Every structure is written in C-alpha cells, then in structure tokens.
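What follows is a pair of complexes built around chain A, which joins chain B in one and chain C in the other.
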Partner chain A sequence: MVDASRHPKVDVRTYTEVERVEGFVGNFKAQLREKARFVFEDRCNGCGDCAEVCPIEVPNYFELNIAPRKAIDVAMSQSVPLVYNIDMDSCIECYQCVEACGELDAIDFSMEDKLVWEDIGSIVIATGFNHFDPSAMTEYGYGRFPNVITAMEMERLNNSAGPTGGNLIRPSDGKNPESIAIINCVGSRDKRFNPSCSNFCCMYAIKNAVLLKQAYPDMELSVYYIDIRTPSKGYEEFYDRARKLGIRFIQGRPGLITEDPETQNVFVHSEDRDLGRVTEREYDMVMLNQAAIPQPDADTISSVLNITQSPGGWFMEYHPKLRPLDTPTDGIFLAGACQGPKDIPSSVAQGAGAAARAGRVVHSEEWEIEPTVAVVWEDRCISAEGKKCGVCVRACPYGSILYEEGKAPEIVTAKCHGCGGCVAECPHNAITQLHFTDAQILAQIQTLLADKPEEKILAFRCHWCSYGGADLAGVSHFDYSANERGLRVMCSARMDADFIYEAFRLGAGAVLFSGCHPQDCHYITGQRVGAKRAKRMLKQFERVGMTSGRFRIEWISAAEGDKYARVVNEMQDVLDSIPEEELQEEIEKLQPYMEKRARRMREVPQIEEAASFAEKIALGHGTQDPAST
Partner chain B sequence: MVGDNGNNEIRIGVFLCHCGSNIAGVVDPREIAEYAATLPNVVRSVDTMYACADSGQSLIKEEIQKHNLNRVVVSACSVRMHEPTFRAVVKEAGLNPFLMEMANIREQCTWAHGHHPEEALEKAKSLTAAAVAKARFLTPLDMIKVPVTQKAMVVGGGVAGINAALDLADQGVETILVEKEPTIGGVMAQLNKTFPTMDCSI
Partner chain C sequence: MADQNSQHTSFADQVRAIPGGEHIEDCYACGTCVSTCMIQQKKEPRFNPRRLLRMVMMDMRQEAFESPTTWLCSACDLCYSACPQEIHISSVISAVKELAVEAGYESPLETVSVDEELCSGCGVCAMACPYEAPRLVEKGTNGDTKRISEVNANACMGCGICVGACPMGAISRPGVSNQDVRAQISLPEANGHPRMAVFVCDWALRVDADVALLESYPENVNIIHIPCTGRIDPEMALQALDSGFDGVLVCGCAVDECHFQRGSFVSSFKIRLLNQVLGEVDMELGRIRFIKIGTQDRGRIRSEVDDMLEHLSALKVAS
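Up next is the complex of A and B:
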C-alpha cells in the first residue's frame, strides 16, 4: 500500500470515482469525481488532533460498524494516504476540528466535489467484490442472535489492529468464547442466493480456525462444510495442518441455528455425515463464512466502461482461456475478484498480468484498430442533392458524422467504431460498412437460404454478444436445431431491414434478430438503434399476417449459451407447428410485400453481382469442374 | 482491383479443419472440401488435421503461393478463437489479411449438433458456402493506426489494483490509481493474517 503512494509514477487518487469514460483504445478520456474530503490532502499531516476533539461518533465502515469513528477521522491508522476526511452526514459543524488543526489550516468546510478529465491510453478494472449479507438467511439468525457473526466481523475482532486490540470477545457479554463453529458456504453453492462456489472460503475458514487455535489452544473449533476445496499449491497441506491441530471438520450443511435465551449460547443443527445422523451442538459463538458477490455498483461500472457481465454479475473476460484478462473492449483489462471470486495469490497474479496487458498498449506509439468503418457513397446521398435528411447523424452513437445541409455527410474515420447503425438506417442505402457490405451480407443470406429455405432459421447475431452466446451453446454442447443458419455482423444496429425482407422474400422459415442486452452494447446505443428498427418490423409483419414467432427479437449475451439454444429450439417449434402447405402459402402471399420493401437494396453497387454469384452457388452443386482436393 | 496478388481473377482457396475429432468426429471434412471445390471461383479446397497448427498454417501459405490464391476461406472454429491467427497466416503469405473469411463449423455446428451428423454435415457445407460467397466480395483493407496516450488508469485500489498499478509504474508508465474509499487497501487491508503463509495483510 505504502509502495503505491511512494512510487513517483503512481498517482493515487482516493475518495475518487470514475464518472464517465469516452474514446477508444489508446485514446480514452476519463471523467473523475474527486469527492470533497473537506481536508486538504497536501496540508493534513495525519496527526489526529482534529478527531480527538470531535464530539461526534458514527459507525466505522472499515471496522464493519462494530467500532466507532469520529465525524472527522481516518478509516484506520495505516490509511494510505493518511489524510482525514469529514463525514458531512454526521458532522454538526461545531468547528472544533478547525481550531485543533490550528496553523496547518488543512480543514475547509467549503470544499466541493471536483470533476476532472484525464487522457488515458489503457485501463485496468480492479473493483473487487462484496460480501453476501447473511441476514437474508433467516435460519442462521444473523442480526437476531448477537453471538452469530460474519467472517469479516471475526477478522476485525481477532486482529491486533482491530477495535478490541485482538482480544476476541463475544458480542453478547464480552467474554472470551471457548467454542466456536465456523459455517461454510453461507450464501454460496445455494440456489436461493448464489449457485456458484466462492472459491476462497474453504481456505479462509481453515485460516481463521488455525489462527484461533494458535491464539487459544484450548478453544473447541468446528468447521461445517459441504466439501473442502483446497486445489492450489500448499493448500491441502495447510488443511492437513489444521486437522492435526485438533480442529474438527464436520461434513454437513447446518439447516438451523437456535439460541439459549439465558446464556445466549448458540446451537447448530446439522447433519454430520461421519455419524450418519442429524446433530445439535452447542457453541459460544458462530462465524458465518459469507459468499463473495459482485460489488453493488458493478452495473454502473459496467455501463460506464462498456464492459459485459456474466450472469452472476461478475465482469466478463473476452475469452475464458485465451484472453482471460481482456474485456471485449480493446484497451480495458480485468484484475482480481471483479472478474469472479479470487484469493489473494490469484488477485496479485492477475494484477501483474493485467499490468502487462495494459502495458502492451501504452508502450506502443500507435495502435492498430479494425478498418470496419462506415463509408458514404456521395452519389446516392439525397442530402448531397440538396434534400433534407440527417438520419445517419441521429443513428451514430459517437457523433462521428459531420453533417451539413446540401452536402453528403462526412464520417470521421478515427471516431467511427464500426457498429454499422448509420449504414442500416440510411433510407437510400448511401452508406456502406467496410468488411460488412450489403453485397457481402446479401451473398451470405442467399447462400444460407439456397436449399429448402422454408425449413431454415436464419439467425442474425452481433459479434460481441449473441455470436458469443451461440459459441457458448456449442462449447456447452447444448443441442439446438441444426436448421439454424447463423450470420455475423458487428452490432444489431447493422441488421438492415433490407436483410430481413430479403430473407423472407427468399422464403426463410424464420428469422432471428439477436444482439446484446441494451446495457451490454459495445457501441453505446447501437443496440437501441437496432431494437427500434426490429420492433417496427415486428409490427409490420404482424399487420401483413405473418405467423407470430417467425420473426423473433432476442437479446442474448455471450454468457447465455443456454438461452441461444432455447430460443432457436422454440423457433423450430413454431415452424413445426405450422402445416407445410400453410407455411408455403404464407411465404408466397408475403413475397410481393417483401420484394417491394427490399427493392431499394437492389440499387446498391455489387448487389446484382452478389445475387448472381450466390445463385451460382445454389445451382452450382457439381456444375463446375471440381478443384482438386 | 478485383483480386489481389496482382491479378483480376478471383481465386478462392478453402481449408477444412478436422480439429482432431472435434469436427471430424461428427462430419467428414473431406466431404465438405469436395463440395466446396465445386463452388464458383474456388480453385483449391483441401482438408487439414489442425488448420491452426504449424503444419496447417504452412499448408495455407504454400497453397496461397502455389495456386496464386487471392481469397482464403478457413472452415474451422469461431472467429473469436482464431480469426487473428488466420489473418496473420494470409498476411505472411503476402495477402491482405482482410481477404480471409472464416466459417464456424465447430462451436456453431459439430459441437452443437453432435447427435445429428447428417444435419451437421449439411449445415457445415452451407456455412462454408456462405463464407465463400462473402469471400468473393472481400476487399483488401488497411488497419487504422491511432496514436496512444502513454498513461494508464487502474480503477480500484485493492490488492489486485495496487499490484497492477505498481507493475505498470515499474514499467515506466504514468499510472492513476483511482479508489472510491478514502484509503487504498480494499478488503485485504481489513484482514488479519493471510493464508497459506500466515503473513500480515498490509
């Protein structure tokens, strides 16, 4: 901690939050809110005279609220930086602290939050985790029975720097406990709260048991567990040491804790698998080993930084094996438990790894980004002909389109992120996206629907989420209908209405329009541009009599492989439920409508060529001399 | 310019990956390769045990040069897995990296439809053909080069963030360490001793 504050290249900004992040790899702009401390960092010398005279005491978050702090105080004596701050919610503004501070003149009641902008090349997210609140598990009586405490409360009570100076006392009567039960998996591996394993708590239970046994050799210690998981180096040996110290490990998940109202001792009711029966044992105290859960503001961080979350709320890595420290946003990396529960050795290792990944970016003089940007065909733009338009400007989430009436818009390449929203929205097909041109996509659509289109489910997926969801369905070997034919674009914003009309014109049985959940969109508001269009089309299709379910809109994240498989299977069920002749009839009836709707796309350069090429593929089974294999 | 390699004829090479048994255990890549060979503008269509391995990469490079290919389709796994790999391969062989297109016949085909090999084969052919169709219209593109601000930001001053900030700083990078609480240290600073070595946490 101190190393960080002393390092000349580290600028420690405590009591500061990230409000906004704009820009892209190598060129981020971050807006930071420096919260008002009401104490000048450069003047405060940490003497503590102010806290001594302060008459107000409030709970100290750092001590899990089991000890007080003054309205002007530091979290702990080893705070870095050792600078006091005033909790204005509890301060009565008696100004005794100002007097005590005297000539240092470090206190300023008029201080306000400051907003500052910083230019940043790369970002490491290390926002950590939070602890599950066990009061939600009423069977354990936390909050009702004073001698049932959490693991973090135990950390402070059995800590020489803690409020009792390391003298472990039980909250009900201040006596030293002679027996303690530690209960594992409180809120983890529990389908009511968090189904996953919190990774480090088995070792954490053993650590606390060993520490207590070393400090109080006569103490009776039991650890209740479902499984003991000690997979890392030296961990199993540590567990072995605990058993040799006489700590009792009981396999069983306690179902109930009760209290003797007189002694306030607690009874743990649990199965004991060694004995093969349910037991009821009395202890002076119980420590609940809480699950690790995502930070309460993880959603905010994820939307500010444009990074994705896994279903449990942890930040999602680009690829669990190949790029475990990267986020899908180039230039932003993950370290520590914000990505998933992790112990200290793993967090330190990941911090070092993320620093190396982030260093790769900032040590480069320039960084290469994909050229999949939007380009305007001036001769097709009606604005260039003097007509009013500007649709493209409204679709752009980045403000990268310069528009002036009477001229074709200009796209600032360095600002364009390549979502394709303007391309799909342009009513005159006057914009294209490099590497995802209308001709390229049309050629794919036609090829995928070349054979028995009425049986096919054509699935448009965005690169970042739904394509990843489809990948995960495969990785997890979730069986879904093999009639699905997938097609990838960068964002649902690029899923042009023309593509959907064209797919149905060609006789597609069903079409899936699938992208990120709105908060996960890789292009700020790209998903919303796509969603608005898709919803409009859904209404149109209803109006013209399309069977419900043949066109479906779904937001599927890269972590939702199960959802991808389920959605495709449900679409297959819709197709199976329509008699073959009826479906054919419906397709034919709607064809003129689709043809009319998609007609403008036909004017786009290369479209006819793409159509005839795809036709050759469709008819070309064996017509060309086979290239040698 | 229609093609690359200095000629105007589109010459597509298709490479079918077995991925050991991951793909070949469900469908026969040779059958897909034979089918792809019949598609317009496909001048080479070959299968290989592992397209991403050295041997597979060398094969692709040799075939590009030997047959003057100017478009490459790799029918293998997810673009999220190996698009950078195969872009680099075609680049080494002198082609623009954007003249390579992948068909995902592993994650999105054989892994999902392992119990329906016939349908999986039909789908794998269709996905490969769609990649060929797109490849026909690919154009060479240059990466966009952007300048880089030589400064990093670490959000969160717990044990992971502190280590990341120190390592970046030791690399010589100006680093801002942002922490929302009044002190850095995070959960780690609240702990007594830490396992397995039992040393103190701060």
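Up next is the complex of A and C:
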C-alpha cells in the first residue's frame, strides 16, 4: 500500500466514494465524492499531537470496537496516507486539536465534501467482503456470553499491533485463556443465513489454531467442523501439521453453547461424530469463524456500475470459466472477494489478472467488440415521426440506447453486446442486428420449413445455453427426434414474435422457444425480455385454439443435453398424438391469424439493404466513436 | 413384514411422499440435531436423528423401524430451529413412524390408560394432548353406550399432560399417577426451615451439573421428579402447602423449548390462575412460583432456588 501511494503513476484516493459512472469502455466518466476529513492531506504529517489532546473517545471500528479511538484519529498506525480525520458525529468542537497542530495549521473545520468528475479508462472493483454477525444465531450466545468472540476479534486480540499488544486475554476477566474452541461454519453452509461455503474458513481455523499453539504450547485447542476443506496445494499438509501439533479436530457442528454464570467459562455442546455421542466440553473461550458475506453496499455499487450480482449478492463474473475477471459491462473488472469468498492467494492472483485485463483497455488505441450490434433504421422509427415509443430502451440490458422523444434512438455501439432484444421488441422493425437481420433469419425459417413443414419441430436456440444443450445432446449420443430443425440466435431476447408467427404461417408442426435459465443469461436480463414475450404468445395461441404443446417454452442450459433431447421427444409425442388431418385442419384454420400477425415481416429490409448498415458502421456514421483513450 | 408395498419405491421415496418427509437429502450430517436433542443424553444413548435420516437414505427400513429414534422423538423441535439445512426433522421422524405403524410395529413407550368407569367423556384430555393421542369414541359398557376417551398408544409420548388435565382422575400411567407423584412428596423430618417442595420436569435441567446442584440442597428442599410440568395439577401444590411446606417451586422448560411442546405453557398458565385465585382470598404471598429454564440458562437453577428460599425465610420472619 505504501509502495502504491508513492508510485508516480498511481493516484490513491482514500475516503472517496464513486457516486456516478457514465460512458463506456475506455471512455468512462466517474463522479467521485471526496469526503471531508477536516484535515488537509498535504499539511498533516501524521504526528498525532491532535489525537493526544482530543478529549473524546469513541469505539475504534478497525479494532472491532474492542479499543477506543479519539474523535480525531487514524484508524490504524499503518494507514495510507497517514492523515488524521475528524469524526464529526462525536467531535464536540473544543478546538484543542487546532491548538495542538500549531504552525502546521492542518485542521480546517469548515471543510466540505467535494464532488469531482474524472475520466476513467477502465474500472476494477475490489471492494472485498464483510463478516456475518453471529449474534443472529442465538444458540451460540455471541453478544450474550463475553467469552464467545468472533475470528476477527481473535485476530485483533492476538495481534502484536492490536489493542492488547498481542497479549491474548479473555474479555470477561482479562485472564489468559488455557483452552479455546474454534467453531467453523458459523452462518455459512446454513440455509437460514448463507447457504454457500465461505471457502477460506477451514484454512484460517487451522492457521489460527497453529499460531495459538506455537505461542502457547500448553493451550488446549479444539476445532469443531462439519467437513474440513483443504483443496489447494499445500493445504492438506498444513492440516496434517496442525494435527501433529496436538490440535483436536472434532467432527460435529455444535448446536448449543452455554456459560457457567460464575466462572464464565463456556461449554460447547456438540455431537462428536467419531464417538457417535453428544459431548459437552468446557473452554475458557470460544472463537466463531463467521461466514463471509457481500459488502452491505454491494447493491449500490452494482447499480452505479450497471453490473450484475449472483443470487448470494456477490458481483457476477461474465462467464465462470471463460471470462472470470470481467463483468457484463465492458471495461469493468472484478478482483478478489467481492466476486465471491476467496483466500489471499486466489485474491492476489485474481487481482493481478484483473489489472492486466484493465491495462489492456487503457493501452488500446482501438477496442474490438462482437460485430452483431444493433442498428436503427431511422426512417422506420415512429419516434422520429414524433410519436411516443421507447420500447427499445426498456429492452436493452446495458443502457446502451440513448432516447429522446421526437428523435430516433441512438445506439452507443461500444456498449451494445448484440443480444438483439431491442430488435425483436421494436414494434415497427426499425432496428436490425447485424449478422442476425430479420431477412436472414426469415430466409432460414423458410428453408427449414420448405418441405413437409407440418412434420417439423422448429427449435429457436440461444447461442450461449440451449444451442450448447442441443450440441451436448448430439455429442452425448442422446436420441431425439430427427424432425427437429434448429435455428441459432444470440439470445432468446432476439426471438422475434414475427418469427414464430411466420413459422406457424408456413405450417410448422411445432415451435420450441428455448434459452438460458434466467440466472445464467449471458446478456444480464435478455432472457427475461424473451420470456415475457414468449409467455404472452403462449396465451395468444391458447386463445385462438392451438393444441397445447405445439408451442413450447423451455430454459435449457449448455449442460442439459438430456433435457434438450427429452423436450424435443416430448414435442414429437405431441405431434404424433394429433391425427394428420386434424393437424392439417388446425394449421389451415390458424393460417389467416398468423398471416395477419406476421404481415410486417414482409416489409423488412432485405439482406442486401441490411448489409449496407455494416458499411455505415465501418465508416463510423450514426454511432459514437467506440474507443479512444 | 416391512417390505410388503415397497417393491418399486425406495424407503426414502416413501418417506418423502409423506408430507413433512421431504428434504431428507439436504442433510449433510453435521450433527447439530443430535447436539440440541436431550433424549440421547437423558434417556436413550442410541437415540440419534442424524442416523435415522441416514437409515432412510440408505434404504435400511427394518433398522429404522426398530430404532428408538423413530419412537422417542417428542417433536419439541429444538433441532429444527438449529438445523442449518432447515430440515423439519421431527416431521421426517414422524413420517418414518407412520410407515412403521403401517408395517405393524408398535411404540415401545409406556403410555397412559383410561379408566372407562371413571371417564365422563368431557374431552379435556383430547384438548390438552399435544400429540392428538386421545379421542372420544362411543363405547358399550354393561349394555349401555357411553362417550369415553380412547388413547392411541402409538401417538402417546407419556408426558402426562392429560393426567394432570383430567378432572375425573380417570387417566393414569405407571410412574405419573397421582399416587406415584404424591409418594415423592415427603415432608422433611428435620426442623430446617423454610421447607420447600420443588417439582422439576425431567428435561428442564439440561446439564448434569445442574441436576447435581439441585440434588445437593439440604433435606429441607424436597425434589419431586415429573416427566413434564404439564403433569401438575394445582391441587398438588395446595396439598404440599397443606402438609407443612412453606413454599412450592415448579421448574419447567422455557415455553418455546418445552420437551412436550405445550406442557410448560399449560402448567405456567395453571400456576398463574392458582395464584390469582389465592390472591382473591388474600392468600397470595408468592408461596407458589413457576420458573422456566431455557437451554442456555446453565446454572440459573441455583439463583432461582436461593431466591425462593430467601423469599420464604422473609415470609417466615414476617409471620
């Protein structure tokens, strides 16, 4: 940290929050709130005379409120930069600090927060994680029994720079503990609080036990665990070493902690699974290894930066295997535990990787994106004619469409990821997607249904999930109906209602609308745009009397080849169950309806016309310059 | 005997099919349920809900049906509130029990019996029972039909709440009948005052240290063991006072932790009512007291007993 702060090319802004971020990859603009410290950074030399005279003591959050700090103080002696600040909530404005500061004149009570805009090329999020508060688990008595403490509190109590100078004492009476129980999985792997595993607690339980054992060889140390997870290089060996040091590992998650009201010793009640019976063991102190949870302001960060969160609240990577450091928004990267609980080696590795990814953006003259971007056909847009619309804006998961009433919307090409949601949603076919133009897809539909359409199952598959699912069904040799005809688009959001109408107009036997599961969507919310549309159509078809099962919606991941085969076979069963003449009759009966609905399809720009868009983009017309840093 | 209708469905599937028996596969065998449950520590060393779940998953039908876990769980649900996988373990056990009863197994517990002559068919027992064991039936006795209570022996957990509730004294169980409980009340001959009777339920004192602590009081403190405070009827407390005790302390589980679900609630209500009545005839002097000991209240019994003794000594001096 000190090195970073001294580097001529690194600008460290502490006590600063990101309020707003605009722009796109390579060209972000960020509004920063530099909070008032009430001390001038360039004048304060960190001598600490002000804190010495300050009469107000408040709990020190860095020491987990075990120790006090002054109203004017630094959180810890290694703070970077070593500049004091005033906690105005507790300051009584006696101005003794001003006097103590003397000629340096570094203190200014009239200081206010500053809002500044900065040009930013790329962004790395490394906001880390927070700790679960075990007082929610009443059975462990944290907050009620003084000698039940958290792992972080132990970390401070056993730290030579901590409030006790490294003298490990127990909170109730200040005596040195002779026995300590360490309890794992407090609030993690627990459906009541955080169902997932917190990844690193097994290792730091072992680490803390070993450190304590080395410092106090006579101390009795027990680790209560459900499973010990030592999956990385050298970890199992470390676990071996801990057992050899005489640390006891007890398999059994304690269900209760009680306290002797006189000695304030704590009793841990757990099943010892190796013994097959309940044990009640007495300790001087208990340390709870609490779960890692997302930072409390993760939601704010995710909305400021337009990035997604996984169900637990961690920031979501673009792809778990292929792009683990990227977010869905280009130019924003993830490092460390903000993306999910991870230990120090993994965090360092991810940090270095994210820095490299971010550097790539900053050092590029040009930025390559997928060519499947959306383009507006201005003379078809009704907004340009002065009518109210804006449907496309609502369909875009990336906020890449700039819309003003009375004008055709403008698509920021650099932000467009090519899901095609706006293209399919536009009621006037005024937007097209390069390489997936309406005309191209229409041509495919017509070709696939050219011969005996009533026998065919036309399957719309999204590129990322259900297409992969179909692929897997193939390579796994899962049998499915040979009447299936697949058609690939980038996202279920691109599966235009008109395509479905057209398929049925041409007499398709059945149509499958398939995409990712909602939480897996490659385009943040693209699947939801598609799902809403498909469900609406399902109702329409029911109303006009289509046999149920001829139009089907399924979410199939790339790992679900078996599901893809099963769904197609079930659809074949539906077709087989309808007598030939009846099906023909139904197709003919519905044809006028489909004809009417799919009318606009025949007015769309044809392939050659659409191709001219590509040239337009290449020449940089009608779009913003995607990258210049 | 056990495998009659199970050629095609596994034991686990059968359990899952019974409402409450779902989610067994969520168990990762952490042992929390075992550590919160007191049956293993106080009654039956073989009692182990985690292992019963395992037996279900591994298709060990007969062993599960014969396991004491299937029969002894009183559904206090201490384990449910602590289970990190949110498995409603007592429902799973009850599903296994249902299948066991279907297969012809019977509860090994000693259960209550109804004296048909004395029973008036009022139905108070059915209302009091947490397990829906008693129900009213028409039954012929001496050529006459009469509405009486009949107890389902496989549902009865032997808590004795119905025994304490029955206004006719028609229900009893060996060990908890009126005579049996009264036999435990013995006025100390030594002249040590104050003399106090302590009714203590079998489950409220979680740790052995607390049980030993209570036993260690001198003779003037008479300990009476009952399966559940719900067993108490107010008359007993009055009789104890009548026979020369200075005070009565009733010690039960915390209301939401009662081993028999609602025994503690029922008895705390009874004692409150009794004190109210005594108050109306100007006799309420705090001689009868109900205390609730929670699972985390290790050592509290000492301060409670000392406090009561002090209170009774003060009364003695005042009178």
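One rule holds in what follows: the second predicted complex is superposed on the first by the 367 of 629 C-alpha atoms of A that agree within 3 Å, B and C clash if a C-alpha of one lies under 4 Å from a C-alpha of the other, contacts with A are read in each partner's own complex, and residues count from 1 in each chain.
Rule of thumb we're sticking to: contacts are C-beta pairs under 8 Å (C-beta built on N, C-alpha and C of every residue); 3 or more make two chains touch, one makes a residue touch a chain.
Because the structure is predicted, anything quoted here is derived from the model rather than measured.
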| item | value |
| --- | --- |
| First, second, both or neither for A:Y467, with chain B first and chain C second | first |
| Which superposed partner A:D3 touches (first chain B, second chain C, both, neither) | first |
| Touched partner set for A:Q446, first chain B, second chain C, both or neither | first |
| Which of chain B and chain C A:P371 touches, first, second, both or neither | first |
| Chain C versus chain B, contacts on chain A by residue | B |
| Which of chain B and chain C A:A354 touches, first, second, both or neither | first |
| First (chain B), second (chain C), both or neither touched by A:K244 | neither |
| Touching both chain C and chain B, counted on chain A across the two superposed complexes | none |
| Chain C residues within the chain A interface of the complex | 26, 28-37, 40-41, 45, 48, 50, 79, 82, 84-86, 206-207, 295-300, 303 |
| Parts of chain B lying in touch with chain A, wherever the complex brings them together | 30, 33-35, 37-40, 42-47, 78-81, 98, 104, 106-109, 111-116, 119-120, 122-123, 126-127, 129-134, 136-139, 141-196, 198, 201-202 |
| Touch list for chain A against partner chain C, complex | 138-139, 141, 144, 185, 189-192, 226-227, 251-262, 267, 269-271, 273, 276-278, 280 |
